[in-house]
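Here is the structure we will look at.
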Amino acid sequence: MQKGRLEAFSDGVIAIIITIMVLEIKRPHGDTLAALKPVLPVLLGYALSFVYVGIYWNNHHHLLAGVTKIDGRVLWANLHLLFWLSLIPFATDWMGENHFAPATLAVYGAVLFMAAMTFNILQRKLIALNGPDSVLARAVAHEWKGRLSPLFYALGVAACFWNAWVAGAIYVALALGWLVPNRRIERPLPPASAAE
Amino acid sequence: MQKGRLEAFSDGVIAIIITIMVLEIKRPHGDTLAALKPVLPVLLGYALSFVYVGIYWNNHHHLLAGVTKIDGRVLWANLHLLFWLSLIPFATDWMGENHFAPATLAVYGAVLFMAAMTFNILQRKLIALNGPDSVLARAVAHEWKGRLSPLFYALGVAACFWNAWVAGAIYVALALGWLVPNRRIERPLPPASAAE
Amino acid sequence: MQKGRLEAFSDGVIAIIITIMVLEIKRPHGDTLAALKPVLPVLLGYALSFVYVGIYWNNHHHLLAGVTKIDGRVLWANLHLLFWLSLIPFATDWMGENHFAPATLAVYGAVLFMAAMTFNILQRKLIALNGPDSVLARAVAHEWKGRLSPLFYALGVAACFWNAWVAGAIYVALALGWLVPNRRIERPLPPASAAE
Amino acid sequence: MQKGRLEAFSDGVIAIIITIMVLEIKRPHGDTLAALKPVLPVLLGYALSFVYVGIYWNNHHHLLAGVTKIDGRVLWANLHLLFWLSLIPFATDWMGENHFAPATLAVYGAVLFMAAMTFNILQRKLIALNGPDSVLARAVAHEWKGRLSPLFYALGVAACFWNAWVAGAIYVALALGWLVPNRRIERPLPPASAAE
């Protein structure tokens, strides 16, 4: 199996996901700056999802950089992750167009929850295949962000029906938490020339 | 001819096909969880097609990994396959929006039938060019899934006008049957470093 | 300048062009096979454009395989070609939805004419840069298809306002003429391993 | 970190941005050449944005060709640039559909301003990481276009509310100014084989 083609395909799908969201931003009615106002929540949701998909691309990048072998199981675990990522544009659009109504925020959080879960599954399959001495296995040995993320998304979903602002704050805080790169994975990587 | 560029182009087209389907899921009318209900058949169809396109990507990957030479005929056989795959979003959308009405299920099955047929044609052209001793030729010598698939799709299409549930069950069963990787192709492949 | 990145970018754009056309096929009104009937001209136009974009991808592939050097002029000549190719989905959609009305056929032909012209410009810039001894220069020395194509598209455009069937026949005949690979370019190419 | 995968991902996103704009050109109402007339401003805006996105792809290409190292900061600076580029289709569509009304021209210019600013940030982060002796650092040492561009976009935005033609002229002039490749970056680059 060719790791390079899996990376290229995943990059393609993620690049399309991150970009097509903009197609769902409806043209403002009118030609004044005031006409942009109803579009603002949609743009806000777009920006948040752009960051999230960017984080997934970044983490996916690190995940595969830390392993050498892939197999059919990894391939399907990867497609499973891509499936949930591909629902982000749909959830983002629904949420933005409805000004972050509780049910739309909950569905958005549920999609992020599933993406986090399937990312963990992919990571487990890669470690099982590449062994406990792989760069990836050592890098994530003491890693807690990835493991705790699903819990926080679940909290966010639960909070939606209690207080939408709390849910929104949880989603934004998680995105910010992930923007900080995982130094443990970044450090032990072989130099670029060797990893390519 | 460059195999790498054919793979990259096919990956690009397949990545776009698998992702743009989500653009056709219409935003729910309303901001409650109940508003999601009419979208469920569309999401279900999307999930099924996502699996099918994923299977084609996976099989295409194996197909080209088992050969070394390509020519103009292969290139056009490949584009012929991509053409039918590109109609999957259209067929999926029509089927989901009409709650799996018989005619829509039949068209969906017909597109899958044509994709299976053109995949077989591409495989034959690759074997004709690379010879009976190529990795691909030896791998598919006793392979029956690929050869029988068109027959099952044809059965599914015929079943649509008799009992839509049977047709749907055939499509889902075929998808599940393909999720199991073809061990015969996977085993005799040279190691990843040599195949790249 | 990196030829590889120019090829990858062009492949990306062409893959997107060939695939997004399907997004413009409107969902049939109704859930019967009869409801597909008004969609047929759109599908026909889609199939023709799919073949045309496939031909351009194929020819672009050969064009760059025959050279080693690129520069800023080549890059912009390439973007100029991609610009006209990117208008094919727009022209295809308008033509199909209006059942090949003369003006829509003329605009479709005009876009193909501009694509053929910009392809010739790109070829000239590549030969000017890579010299008369490059594989490309020798391959196209006696090539007439590329040079005569714009003339035939112009004839097709002119024919639109006289007899739409003649125009359509010219476009289809040109597509078929290009499906036959240019043996002169294919033959003198170095083996795949050297060309990559 | 792998420079190649960052380039591939960016190329993917830019290829999608440059191509999906065409999806937003609405089908003309009617099947005559006259029906194309209301589409002309949209096509004009599309052509301008196509050139701008092409310029960014070109410059991005040179930027990364001039460095060897990337890190997490570069990755996020790159995504920041891609975010603003991804808003170009939205701004283009709104501007074209409203015949270049002042507010729409101002928003278009503001998006270009942010893209120019984030390009500068990315360049600074790359130079900080790769040192003052990197090919990039030496190439842009006396470069003024990149540094002055944001100023001109800001002027263009300000001009929108005074005279839309002046603003449009500034945007077109800037695009033309960038079409001329930066010879300083192009010249000191290592040969293609070494840079790849």
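A, B, C and D are the chain letters, set down in written order, and residue numbers restart from 1 in every chain.
Keep this in mind: a residue touches a chain if its C-beta (ideal position, glycine included) is under 8 Å from a C-beta of that chain, and two chains touch if they have at least 3 such contacts.
Please read these numbers as outputs of a predicted model, since none were measured by experiment.
Common neighbours of chain A and chain B, by the contact definition above: there are none. Most remote chain with respect to chain C, judged by CA-atom centres, is A.
Taken over every residue number at the interface, the positions common to chain A and chain D amount to under half, indicating a different-residue contact. For this pair, chain A with chain C, the centres built from the Cα atoms lie 37 Å apart.
Once the centre of each chain is set as its mean CA position, chain C and chain D turn out to be 26 Å apart.
Shown for chain D are the residues in touch with two or more other chains, namely 8, 12, 16, 20, 23. If touching chains are joined by edges, the resulting network of the protein chains shown is one closed cycle, each chain touching exactly two neighbours. Annotation, chain-chain contacts: A-B, A-D, B-C, C-D (touch as defined at the top). On chain B, the positions that touch chain C within their shared complex are 1-5, 8-9, 12-13, 16-17, 20, 23-24, 68-72, 75-76, 79, 82-83, 86-87, 89-90, 93-94, 97-98, 101, 103-104, 106-107.
Of all residues in chain B, those touching chain A in their complex are 7-8, 11-12, 14-16, 18-20, 22-23, 25, 27-28, 31-33, 35-36, 47, 50-51, 54, 57-58, 61, 65, 179, 181, 186, 189, 192, 195-196.
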